[in-house]
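Shown next, in structure tokens, is the structure this report addresses.
For clarity, chains are labelled A, B and C in written order, and residue numbers in each chain start from 1.
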Amino acid sequence: MNENEILRIENLTKKYFNKTALEDVNMSVEKGKIYGLLGPNGSGKTTLMKVIAQLHKQSSGHVFINGNPLSYESKASISYMPTENFLYDSFKVKHAVKFYADMYKDFREDYAMNILEEIKVDPEFRIAKLSSGLNGKLKVALALSRNADLYMLDEPLNGVDVLSRDTIMELISKSYDETKTFIISTHLVSEIEKILDSVIFLKDGRVELFGDAEELRLSKGTSVEGLYKEVYKNV
Amino acid sequence: MFKLLKYEFIRKYKLITMTLISALVLNLYLLTRGIAGSSSFLLLFPLVLAVLYVSDVIRTYSDDLNKKSGYMLFMTPNSGYKIIMSKLAAAVIEGIGMLFIYFLFILINGAFIIYQTRSYVDINEVMNDINTLLSGNIGINLGHVFVFLFAVLVFAIGFIVTVYTAMTIRKSIFSEIKFGGFLSFIIFLGLNWALTYASGEFYSIVSPQYGSFVNVTTVSASELLVIMFPVIAVSIIQSIILTFCSGYLLEKKINL
Amino acid sequence: MEFNNNIPIYLQVIEKIKQDIVTGRLKSGDKMLSSREYSTMLGINFNTVARVYKEMEMEEILFTKRGLGTFITESPERIKSLRYEMAKKQIDDFVRGMEQIGFTREDMIKFIAENK
């Protein structure tokens, strides 16, 4: 095993009662890199993240985190941000922070409070009343305030205004260091491609393309976005 | 476990407080209607409370499984077994709390009724009543009450575990199928049928030993416990097995 | 800094730093931002900047003092040769383009002299 490998996926398949969401997915994700998980809606991005986060269980195949097969204990080293509004509506922002602090040993409460101040989310706000931009920023802030090995952000730019998008990208850049790995799913490729090391293209639940972003630009002479448009033009 | 329990109650404290306050207000209002009002409250309140309790206990787990906010709970690094057990523990504590509150209302209204009929409270008489109850002179004593309450608690847990297991099965093996709520109900009926069948078989083996009690008119509390033992034991065993199954499904098969 | 996403970003950053050095915006011996600061500032990937620094160290335009950071070369000769390399590249590109539209070298020289 590559000692830089944080996540390894072997022959992963996810079938539901009446449909197949992931089919024979294989990949090796290295420490200290930012991966873009790209593909249109329904290509399997969210399902892949949910399987790694164990909100969904795979039908067959194996997933290893730091060389260990997935178990509930691996959730302690994965900071996952679902794309949905999953924070308890009845909570205030500060309650959500407290919840994270109580549930995750690696959560840095001061760090979180600093970010919240920076992005102007009042801890006294009730979550049900947050605008989608603030809610999106809060979700990212909470996920990034954990000191995890692997961060999985599902569509962090979705439903968020342009200014908030910049803030979110900045937060991600700032929280990066060489010991951390990010997988960021999005269909807004042009906005995110500059911060990516590698890209993973999913198509109909399969890995269509996996590679280093700069190498792809060099060899194909086009941006990741250009490549994206080419791969999915008939979708 | 403690932290999981803590958030179970943080999430429902508002509902509980609101229920209590409205119950209190209703009770005060009915007290102005005299004894009839007070006793009708005592009759009605447990029924309403029971319905509220069961629906609350079912709803909280259903929300965790079916709403996106359930991710909050299931993202945390806790095993499925721990999660289901904390859910059950919360349900049991809530149930005991409800019973306790009902007793408080009995005390309040009881004192009121006595006061209304006599215009005074005779401490000696009250002590006498308690003595009668304790000594079992009226056929039952506190022992009976405790055995009865214990049995109710065990059956309630059995019921809740069965409902939880039905919902867990639907969110794991039969996930992504439409009409989820209805499907859960069908699974619940199926589970219940299977459990009744299995326990029926069990009783037919055990019951001959219990035939001697059939003609007894008055039983002591300990005898009552002995009589009810098989039913209680079966219910406990069922609950343990179903909890384990739910935990396993949450751990290995869930699709939230 | 605006990037063209069709070209590897590290190449664009290298170009930009080289320009800043030969035009004097970055001075010989100046300390560069850390990879982290620079990547956050440009809004690009950390490893991209790390790669830029590594490549430019190999070209002896940058050098690392252990524990202190990355600095611009203190050799005036290297900066001079860098300026020459860059000019050479511009000329090559220009000549190639002009040849494609039928100019000879002599035509080009004459053309430049006439179009001041």
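Rule of thumb we're sticking to: a contact is a pair of C-beta atoms (placed from the backbone, for glycine too) under 8 Å apart; a residue touches a chain by one contact, two chains touch by 3 or more.
Quick caveat, the model's predicted, so the values are computed rather than measured.
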{"item": "Contact pairs, highest-scoring chain pair", "value": "A-B"}
{"item": "Most centrally placed chain - per-chain CA mean versus overall CA mean", "value": "A"}
{"item": "Chain centre separation in whole Å, for chain C relative to chain B (CA means)", "value": "75"}
{"item": "Chain A and chain C, separation of their C-alpha mean positions in angstrom", "value": "35"}
{"item": "CA centroid of chain A to CA centroid of chain B, Å", "value": "41"}
{"item": "Residues of chain B touching at least two other chains", "value": "none"}
{"item": "Of all residues in chain C, the ones touching two or more other chains", "value": "none"}
{"item": "In the complex with chain A, residue positions of chain C that touch it", "value": "3-10, 36, 39-40, 43-48, 51"}
{"item": "Interfacial residue positions of chain A with respect to chain C in the complex", "value": "32-34, 169-170, 173-174, 176-178, 190, 193-197, 213-214, 217-218, 221-226"}
{"item": "Touch list for chain B against partner chain A, complex", "value": "3, 6-7, 10-11, 14, 68-72, 74-80, 172, 174-177, 251-256"}
{"item": "Touching residues (chain side chain A, partner chain B) in the complex", "value": "16-19, 50, 53-57, 72-76, 80, 82, 84-90, 95, 99, 102-104"}
